[in-house]
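Following: one structure in structure tokens, then a few remarks.
Chains here go by letter, A, B, C and D, matching the order in which they are written, and residues are numbered from 1 within each.
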Amino acid sequence: MQAGIIGLGNMGQPIARNLLKAGHEITAYNRTRSRADALAADGARAAETIAEACAPGIVLTMLSDDHALAECAFGQQAILDSLPAGGLHVSLSTISVKLSQHLTAKHAERGQHYIAAPVFGRPQAAESAQLVVVAAGSEESVNRARPLLEAIGRKLFVLGTEPSMANALKLSGNFVIASMLEALSESFALARKHGIRAAQALEILSALFQSPVYENYCRIIAEERFEPAGFKMTLGLKDVRLVLAAADTAGMPMPFASVIHDQLMTGVARGLGEIDWSAVARVVAENAGLKSDAGHSHSTQSKPRTR
Amino acid sequence: MQAGIIGLGNMGQPIARNLLKAGHEITAYNRTRSRADALAADGARAAETIAEACAPGIVLTMLSDDHALAECAFGQQAILDSLPAGGLHVSLSTISVKLSQHLTAKHAERGQHYIAAPVFGRPQAAESAQLVVVAAGSEESVNRARPLLEAIGRKLFVLGTEPSMANALKLSGNFVIASMLEALSESFALARKHGIRAAQALEILSALFQSPVYENYCRIIAEERFEPAGFKMTLGLKDVRLVLAAADTAGMPMPFASVIHDQLMTGVARGLGEIDWSAVARVVAENAGLKSDAGHSHSTQSKPRTR
Amino acid sequence: MQAGIIGLGNMGQPIARNLLKAGHEITAYNRTRSRADALAADGARAAETIAEACAPGIVLTMLSDDHALAECAFGQQAILDSLPAGGLHVSLSTISVKLSQHLTAKHAERGQHYIAAPVFGRPQAAESAQLVVVAAGSEESVNRARPLLEAIGRKLFVLGTEPSMANALKLSGNFVIASMLEALSESFALARKHGIRAAQALEILSALFQSPVYENYCRIIAEERFEPAGFKMTLGLKDVRLVLAAADTAGMPMPFASVIHDQLMTGVARGLGEIDWSAVARVVAENAGLKSDAGHSHSTQSKPRTR
Amino acid sequence: MQAGIIGLGNMGQPIARNLLKAGHEITAYNRTRSRADALAADGARAAETIAEACAPGIVLTMLSDDHALAECAFGQQAILDSLPAGGLHVSLSTISVKLSQHLTAKHAERGQHYIAAPVFGRPQAAESAQLVVVAAGSEESVNRARPLLEAIGRKLFVLGTEPSMANALKLSGNFVIASMLEALSESFALARKHGIRAAQALEILSALFQSPVYENYCRIIAEERFEPAGFKMTLGLKDVRLVLAAADTAGMPMPFASVIHDQLMTGVARGLGEIDWSAVARVVAENAGLKSDAGHSHSTQSKPRTR
């Protein structure tokens, strides 16, 4: 299958690579050309312009935020201008419900199709094609994109015919993950205040939830491995803003989301914006009067005293 | 091995039964005698008094709160009076850090031993011996209780020599579970506000976390199965109070715990105290202006439109 | 002095009347014509179009939100199109920092002047010319508008040359008032839970703060006089959204603002949107499991048992 | 009138002095004797023991917290032991509702009387006899204490016959003041983020509320005069704990109180416990990424650019 992809960041790049691995013919565009060239080694065609990436008639976008996607979609010689009638835009980005609704309308005006298919997973999951993909849009369009979406994740969910539903679900899920981070951060701080080593708390909480997501984030927090960032705190803050915006438009309070927003905002104001968003644990620890425990937790981790 | 057990509620009863199954000789005491008699059919000896349950020299307690345990421990002809010197009290209850420290001191004054071994898991997990047990206390005492603790759970963690550490860890864990409930509640409400059926959100969030704990609670919330209560909201509120008390003594803010406290308190004030604490989802839904979705989610659940 | 005014709601109407009383010649425009006609009896000239209201070269706007003002300013035959070069737009509305900055730039492009002069006070204060006015903009423009601004309030503050500073200050102030409402609401509920009558709490808190603002709002809350609305809850929610937006852009957390947002949102979701925003007290009381105390507090208020 | 007073801290000392000024004969006791001696110069009799202070048959207590008062009341040769039958204990301290109820019962058992009469006001207000006093207890006892209570404040309110009502009201009031501090702190930070000088925000907010309480605290926050402490942050935190405890027992959520608790706790954890509780403004400013503005606001304050 032939398809274009726009946006080759730390999520877009491995996604494109998995599309190639699955045998698809991919035309890749990135604002900074070098990232498209890097993919050429894997068999991609590096596009000079957005128009070239749209030429196959189906184009995936994986951009960092509303602003970046709007620029690629609505500008001159951008996606709306470039995609042929009957063409399909598959948006993988985590964007606002509002922008997704706007794109739905604008593509329809031009006789083009649009579906939202945001993905769950960090760059590592993207590399190993282990993303969870949530798609929404017309059944026909979803089926058309299906071979691509199945190539990049371990699971594909289809929600309904309104594309923005997938964005709302994606935001709901990211919110649950962000809540888990804050909860773990407070929990680890409470445990440490009572003399429990982070490595012990990590082991018990992992056993309790039996979830790879918990295991991964418990480990990051316990070992304070916030660098390199898998997902930057500024991006996490952006997502929580989208969550609050969606809740506000929908007319409902989300007290946890408000707390997380404030903790991430504090983290960014204190200079943690570029490290992993799980570093909200550092904000929590500082507010608890705790110093970094990283050295200690590493050294003792080798022989936890458990059955 | 011979042992007594005091407290045969919806956790204590199945725990006692699993001790019997594992071949231990159990003397069981409950304030309401009928519950002890019920166990006699499974081979337990029904005790008339606390003293009888303490006679084997090792006694487990599984009571609902600080007050109930203090009454059984410090009253006349209670545990401290009844346990022989060198005897061991194993407290399985979720109690405050402070009471656990107090029990440690009081037992020591009498030449008795005390360990804390609180358990994670709902009644169902207790029945199938799938509890996660977290013990703390002197190595000798923990080893003495080990055959009993291994008979009631799927995993035993040993934290350190200070019993109250196990209570702190248990509270930290319960706090993370309570946070999960509030996060899921807000997440489901946000999804529903965007036209997503609860059954769809359930399936996707379960796939995302791949955790039996998430799967279980997502299902309860999605299907609004808050009755019969596995863990009553009043008990959940009690635990969050203990969390906040531990944090306050330790000198740290816990903003999430404060929010959960307020949500559970609102639930209890609105008359939900006797149903499952996951009914915090009902508080959240009402604050979002949502009506019950239970009927709908059941009927559509049979054929979710996903891969 | 000659001036136009656009927007004759429950704030704009009394403001226009006070301008007339002070001897100014006022041309008044309102989308619903009847409100302009009502002012004609007081000596105003009722305008048919926005352009007529802009003809005097200085125009005041008092509109309900960003959307309404943007429509009057940027549309066809709107303020930007109608105001002569050198003309002055004085925005009295509570709007976002962002829109104010946008208006500053757009007016400057056309050689027009713009200042922000938002006002503090409820309709009653507007009627008695007791508003507190906070202006910001070029010294020359502020001085030009001074005779008008002094006619409508008891106090005029001038902040600086950047118009949006006045909007930020206005939002800061509204936020403090909203915080007072939530604090009073929780305080009254706590008192009532301890058997203290609302009328007693009212008297003591009023004596404590010795502030007419406290006295007014304490009375409204104690007597549950949420209708007719002096300031609707939906408008209060709008303002808190602007506060959170300003904070977010400025890069700071505002935990109180988040709580107020959630409480007002809950109120609106529960159908209180059209009554006074002090009815946040009803949300708080309901969450505390309290029934309305209005009847009781009225009846006992006549003879409070105090010195 | 003859009376004893126990507790001569920065509130008790000026209160005792005003009692002397009003012509009462005062026997003063303080754990650290030197403070009682200091009062002797003003005409007080310095007591060696609690019993001596109780000898006049009516004794006022002004102690820092539940613990200190309980020690003076319930210990050996303490107030309960020392006060004659028919004697009256007037508790001016800010203590828990629960301790007040306990004291009511214990004094009654011995045929003694007890009323609660907590006071509003900082040390300065105590010195100038400008406190607001809120009393509750039997009408007879309140009337008996009236000459003393009128000598120390500008206003006396009598609530009802249950002493603990006065404590609940005092906590409600302190909560509103604490809320004001947090609201002002966030408001000033938001204003400063938009380039508004603290001195300007101070002037406008003072004009808005026309309250001496606002004026005082706005000034402290604007000028960052957190030392010497009028009321230490650790004491403020103590009071908010009492508020939350009262709310919890009463069965109601107080979301603002939870936020304030967390902010004060963070302040104490960051080492601000011994300075004024209005330094919560420093916690807020730091979380907003703001540096101290004290120097600037002082220098510009001399010539505010306002009408």
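Basically, contacts are C-beta pairs under 8 Å (C-beta built on N, C-alpha and C of every residue); 3 or more make two chains touch, one makes a residue touch a chain.
Bear in mind the structure is a predicted one, so any value in this text is a computation, not a measurement.
Engineer: Taking each chain's centre as the mean of its CA atoms, which one is most distant from chain C?
Structural biologist: B
Engineer: If you tally contacting C-beta pairs, which pair wins, A-C or B-C?
Structural biologist: A-C
Engineer: Suppose each chain is reduced to the average of its Cα coordinates; what separation in Å results between chain B and chain C?
Structural biologist: That pair's centroid distance is 51 Å.
Engineer: With chain centres taken as the means of their Cα atoms, state the distance from chain A to chain C in Å.
Structural biologist: 40
Engineer: Could you list which residues of chain D touch at least two other chains?
Structural biologist: Residues 251-255, 259, 262-263, 265-266, 269, 287-289 of chain D touch two or more partner chains.
Engineer: Write out the stretch or stretches of chain C touching chain D in their complex.
Structural biologist: For this pair, the touching residues of chain C are 97, 120, 132, 134, 150, 155-160, 162, 164-165, 168-169, 171-173, 175-177, 179-180, 182-184, 186-191, 193-196, 200-201, 203-205, 207-214, 243, 246-247, 250-257, 259, 262-263, 287-290, 305-307.
Engineer: Please give the residue numbers of chain B that touch chain C in the complex, ascending.
Structural biologist: Residue positions touching the partner: 255, 262, 265-266, 269-270, 286-289.
Engineer: What does chain C use to touch chain A in their complex?
Structural biologist: Residue positions touching the partner: 241, 248, 251-255, 258-259, 261-263, 265-266, 268-269.
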